[in-house]
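Two complexes, one shared chain (chain A), two partners (chain B, chain C).
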Partner chain A sequence: MATQWVLLEVFQALNEVPFYHIFLEVGLLMWILWLIFHKSYNPKELEQLTDFEKEKLIEEWTPEPLVGNVAQNHPSLKPRMVSGKAGKFINVDGHYCLNMATHNYLGFVGNKDIEESAIKTLQKYGVGSCGPRGFYGTVDVHLDLEDRLTEFMKMEEAVVYSYGFSTIASAIPAYAKRGDVIFVDENVNFAIQKGLDASRSKIRFFKHNDMVDLERLLMDQAALDKKNPKKAQVTRRFLIVEGIYMNSGNICPLPELVELRKKYRLRIFVDESISFATLGDHGRGVTEYYNIPREEVDMISCSMEWSMATIGGFCVGSSFVVEHQRLSGLGYCFSASLPPLLAAAAITSLDIMEKDPTLFKKLQQQCQLVHKALSTLPLFILQGDPDSPVKHLYLRNPPNCTNHEFNLLSKIADFCIEHGIAVVTAAYLQTEKFTPRNSIRVTVNNMLTGDEINNVAVVLEKASSEVL
Partner chain B sequence: MLVGGHGESNPNTTWLQSRGLWISYILGVLTLHLILLSVPILSVPLAWTLTNLIHNACHFVFLHVLKGAPWIPQDQGDCRILTHWEQIDYGQQFTATRKFLTVVPIILFLLTSFYTRYATGHFIVNFVSMVLVVLPKLPQFHRVRLFGINKY
Partner chain C sequence: MTPVWILSDYYNNINCCISFNILQLLKKNLIFLKIHVFLFAVPNLSSRLRFQSSSSDMTPNPRLRRSRYIFASNMAANGAVCSSKTKLQDGRCVVKEVNGVRNIFSEQVEYSKLLETKDSNGVPPKKKPVRSKESFEEVPLYTAVMTYLGFYLLMFLGYFNQLFFTPKVAMEKNREGYVPLFDRFESFYLRYVYRRVRDCWNQPICSVPGAEIVLKDRITKDYGWTFEYTGTFTKCLNLGSYNYLGFAEADGPCADAAAEAIEMYGCAMCSTVQELGTHPLVVELERTTAKFLGTEDAIVFGMGFATNSLNLPSLVSPGCLVLSDEKNHASLILGLRLSGATIKVFRHNNMLSLEKLLRDAVIYGQPRTRRPWKKILIVVEGVFSMEGSIVHLPDIIRLKKKYKAYLYLDEAHSIGALGENGRGVLDYYGCDPNDVDILMGTFTKSFGSAGGYIAGSKRLIDHLRVNSHAACYASAMSPPIAQQIITSMKIIMGEDGTLEGKKRIIQLARNARYFRRRLKQIGVIIYGNDDSPVVPLLVYMFSKIGAVVRTLRTRNIATVGVGFPATPLMEGRIRFCISASHTKEQLDKALEVIEEISDTLGLRYSQLPRFKGEVVYGSDDESQ
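Moving on, here comes the complex of A and B:
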């Protein structure tokens, strides 16, 4: 019938096809047969090692001792022992000291209200939240804390992380991917450096707070982009700075950075771990300090472990930007959420900060007083902004060897602790990208009195003249 | 969508290995063909050519033009420069999945040629579409972007 007719016609047509067509079809058929009979590779086989390879790997392996040969006088072998609460005063190795090494800038450690709210939440929810935020780990205090942070910073949305270090270290690789470019200050803290490593992006370091150097790098990039506009279209450019640098105590020149952001179309992330709740009339950080609208900054990340006297961290920004981390911030997705008691403590810290903005003014005055006192020291060079609560003291006449310099500074710190002032040498890992110069890091909190500040300067001067 | 719960940072590498995928694929093509055949104004040769063209267009767009993945892969953008075809089986050549996907357009071309009675017009269109989807599948064209097309 009809189908038969069609088939018949087809076979008739087959008789009339040109020669090249037969040739092509035979060729294609042969190719199919070759593909079918050619050995298939199984991708799963490739992942498994053969017995021979396993033996070889075992043979090649030589175990390393857990602890290598360490010099008897290595500083890690005699750690300092702290007993009791580390508030304004601290007990180090039995010496009762004024704490000039704490990042408790507002004196919230040991605050009765904060402790009480934490205990109340502990009784209600227990210790842990028992899951990541997206997996049964969200408790009402987390949502309250996010709302309160959003309100405090006057931005659109906040996400809370369970650990300060992982906040910026997760936030950076959530946005910056392979093929992107990140411009970053070479003095950034270790958490940012880890975030940069995890991002797999191209990292361009500019000299510490040097806008000329940054603009040079940006112009290089602009020239590259002009040469290859198609590539430029899919390359994101990030700028990452700290509000106050932990490793230098300087404040970032935000107005210039924001200008450059506009000019070169960058996405700017500011790590405000130190500057949050220390700079600005209401403690809103470096944006308030320079009076820059917060929309000019794409994202602000912050650890809650310094001023707020709790644990954890948060990122704030526009919903469009910050929301992305709820599915892409690895520290947010794959880590148990902040214990509710710590979130409650953070809320109470915010309460206190909102109720009493004079805290920040007082801290500013203390920072300036300490700055004035320390800048008179004859054997030290003081680094750090007068308004910054973190200050670094470098030796004015450093020895050639950095180890020797570190030992001298440790001795000075030991002397100070014996005389009732707790200061520390800033500790860095050898693996850091640009290891900063050895220094004594002095921090300021707003509980200090004028006499105590003068005493700090006197003891430091005595220590330096004794040791050097 | 976030992926990674099953141990794959990018499921594009493995989902085509799933059991029953080949039979579903063939049934899918067959369904498309039957739907086209049931349209009254389309003749049999036209229905076959359309089946072939639609199938090859899908291959071309989804396997050889679009890059990256439709979800958020946990690979820091490694797959952002790769087409789906290049991501299959972590780029390993001559795997069963790859062979299947190479053979299907060829068989479809042979069938279409047969049912279009080797008419020259149909032949040219179908042949060009087949070449467009089979050439980029060759191992020699792995991660090659001819004339910089679709490079970034």
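Moving on, here comes the complex of A and C:
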């Protein structure tokens, strides 16, 4: 009924208005429709390239070459060849040398027990594990190794990685994400730097071992947090340091770091690749060295490629923290597990370390002796803690050009190798965050005798006065 | 249509950035997941709608899902009806007029032209039967709906569970007032969804991962929170390890040589390659690898993952464009991310998508500055480890040449496992190694060892020796590991004077084809190429992954299940890896069991007609 009424009214209204009005209305309506639907002039369309132009552009484009040219005399193209085992003595390019260059601190390379257990495992499990840990790549040897590491470090849980470099580089981005803040020492090794890159967190570098600088950054951050408390509630804060720095040989001031950790609520990760099995009475690393309860540190990451003389790496810590890597550590999930024979070698190294803790005391003595001997060299500056098995020698009067400096150091290393002492210049890439100064890196192992150490100093001195 | 677009975005997210910090991604998708809860039945329908509506567009819709294209196969021979926009031609995958865009797939004629022009140095062109028969059968609608329902039920139960029961996990001590270390949703997913099927992964073994494998039994008394070892062991047929050529052996020439290497060189060098880590075995390995692949030079590293993630940054840099397949491995994605280059993802093995990106990149240059890209790198894998598909290499080489891009080919799963001589996809298609700029591969799989290589021109390798992160900072390869590779590679090349290598290659090829054809006959859906030794069997539902893996394990078959988030939510699967060490009898036994359980567990999803006759082992009959 109602609609009929309305229609009727409309008709009546139409009848009553004058004709020209309807005409106008219809005209207006059509104009509006035209405005809406007409094809407007589109400047974009005129800009579009024709197919011919596109083909031409494709033809014209010349990309950069895939890689640049490298100088054919670059030292990395002809690395020194080591034949035989790199034990206490090493054969470098046919020169029989005392080994002061590889990171075999405890002299486990060539250890008969380790080799035997590796071969035994090889005869049971073959070489490769043919799968990542998740997909039938977990051999019982891996579980044993993880248990043993946990026990050795007296912590709750360990995860084993198949490559030392990937250990810390995978562990960092497993926790730190975009939006988090990481405080890092400037001198950290390259693996940590890559872990930082992968995490996409905000990175704040503090000066090497400089607690004042670190606290300054922390206070900055605290001020920021105050301004934006909401954001601060979801911003995780990490502190990443090395036990002994590969690039400087210094030991981190862990007690101060732990204090700061507590004060500013940071989580601290320590890369103990060098300090593991070198510092402390039982070789448990920098926490034992400073006598700090290990719970104060959230995670410890180590490479097994140096003192343990095998391949791979591991992270230890509380189950709460470390377990997470089994699903989030990229290098753990997406890579084949460590070959069982290398895991077995690691277990045997642990056996030896547990059986004979005097190893570590002896190593520390050697480190101090070497430190004393090297600090007398007139043309070098020695860097590194007396207790550290890694020491750096810098030129006392360096030339202005770093390339020249590197060449001089290489010549010194060459001279030493020719005279029976194997030392190397530390290799760095240009892509380092803060390129470390060129140096000769000297490593210490616990098999050295007093005479040998003196001889090292004598040869280095002779080499430097010869070359410089 | 709006919800449809939101959903398709969600798809895109899952498809494109898979597996890279998976859980983070999960979190990102939480909001979309929530939308799903309300619209669980729509997705499949909607994607169909989208497909139809977009087919009239002039531009290919970037949101189309990969599985909509069926790069199919012998389905033509089977007389199967295929997806409306796909036309099949005698075994080559040819996509005609997808969405009205010019077909960019070369026809067979064009191919042979290409092959002929290349061999100008008097070598007669290799006439190979190019038999890239690949299939990605679509999921039935009903299954799709059920899969979503099942997943949300699981999530719902999880939330419910979380409300009432405290989790049996370690808690953080002594860190009160700290920002929580883990994301809440992440923890929830792990504790209440993943835990239910946790027993399917990380199963410890205590034998060689050969044709058979000994599992260390474990049980859980609390639904997956903790495990106990029972002290018993189960021997299973191993369909889970990447032991393609069967070189995972505890005795024989490889193991003996490796043992000798330990005695000669020890287990490790304790130094980096650039310092004092270069030993004669590394040099020999590099030389052998280059010879095996037919390249000028090669460089090796101690870990395959690190080979990708630490070398890509020295090849591309900001200002370069990388076109990466959506199914690429995590190590490649990590390497690209570290490099700082711009990354664009093209749909899995889809040349159309790749060409469009390439074209736009060359024509329009960098988005904001409008400068041309410094260089363009295409990154693909040989055999994709989760899809079982083989890269369309000849097409990619053609595109790469046309657009002057560079090509990075990761042969982790294809080296040794494909081709007449075991030289990977290049060998399979008969392509020239010089057409691929960077050949990468790992020694973990076919060689039964560990590590990775990069092979290519001397100029490339020299560049890497100087600039590679791994060469400078990572430790040198362990001598016994290197020796295992040398010995097994020489066996593959036949340099040991026997036909052992050839035999293994043939056995693997036969096994893979036989196993795949028999599975198709059973009526299950399998993805990938008929020649690929990686065989993903689609089970779709999250809980079915667990059920199938467990049932197969009780029947003494060890397999691997893969589910969300490593695959799209829809596409839970079981993956079989075929090895040359499997015998026909072993495969028959496995097939028998699979046939049996596909009835009880409902795995016969395939709607394609099945081949009725008998599948003959070792026959190359194309009609099958």
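The rule we apply is simple: the second predicted complex is superposed on the first by the 393 of 468 C-alpha atoms of A that agree within 3 Å, B and C clash if a C-alpha of one lies under 4 Å from a C-alpha of the other, contacts with A are read in each partner's own complex, and residues count from 1 in each chain.
Note that in this section a residue touches a chain if its C-beta (ideal position, glycine included) is under 8 Å from a C-beta of that chain, and two chains touch if they have at least 3 such contacts.
The structure displayed is predicted, hence computed values, not measured ones.
**Student:** Give one of first, second, both or neither to describe whether A:333 is in contact with chain B, with chain C, with both, or with none.
**Tutor:** In the superposition, A:333 contacts both chain B and chain C.
**Student:** Determine, under the contact definition given at the top, whether A:197 touches first (chain B), second (chain C), both, or neither.
**Tutor:** Second partner only, chain C.
**Student:** In the superposed arrangement, which partner chain does A:8 touch: chain B (first), chain C (second), both, or neither?
**Tutor:** neither
**Student:** Of chain B and chain C, which one touches more residues of chain A?
**Tutor:** Of the two chains, more chain A residues are contacted by C.
**Student:** With both complexes overlaid on chain A, does A:36 touch chain B (first), chain C (second), both or neither?
**Tutor:** So A:36 only meets chain B here.
**Student:** Does chain B (first) or chain C (second) touch A:179, or do both, or does neither?
**Tutor:** Only chain B is touched by A:179; chain C is not.
**Student:** Which residues of chain A are in contact with chain B in one complex and with chain C in the other?
**Tutor:** 173, 177, 198, 233-234, 327-328, 330, 333
**Student:** Of all residues in chain A, which touch chain C in the complex?
**Tutor:** The contact residues of chain A facing chain C are 49, 54, 57-58, 61-70, 72, 74, 76-77, 79-87, 90, 92, 101-104, 109-110, 114-115, 118-119, 122-131, 133-140, 142-143, 156, 162-166, 169, 173, 175, 177, 189-191, 194, 197-198, 232-237, 265, 267, 295, 298, 303, 305-306, 309-311, 318-321, 323-324, 326-328, 330-331, 333-336, 338-339, 341-342, 345, 422, 424, 426-429, 431.
**Student:** Using the touch definition up top, name the residues of chain A that touch chain B in the complex.
**Tutor:** Within the complex, chain A contacts chain B at residues 6, 9-10, 13-14, 16-18, 21, 24-25, 28-29, 31-32, 35-36, 38-43, 46, 173, 177-180, 198-200, 230-231, 233-234, 327-328, 330, 333.
**Student:** Considering the complex alone, what residue numbers of chain B touch chain A?
**Tutor:** Of all residues in chain B, those touching chain A are 1-2, 14, 17, 44, 72, 74, 76-78, 80-81, 89-90, 92-96, 99, 102-103, 106-107, 109-110, 113-115, 117-118, 123, 127, 151-152.
**Student:** Which bits of chain C are touching chain A when the two form their complex?
**Tutor:** Against chain A, chain C makes touches at 19, 21, 23-24, 169-175, 177-182, 190, 194, 201-210, 213, 216, 238, 240-243, 247-251, 254-255, 258-259, 262-280, 283, 302-306, 309-310, 313-315, 329-331, 334, 337-338, 359, 362-363, 372-377, 402-406, 437-438, 442-445, 447-450, 459-460, 462-467, 469-475, 478, 480-481, 484, 558, 560.
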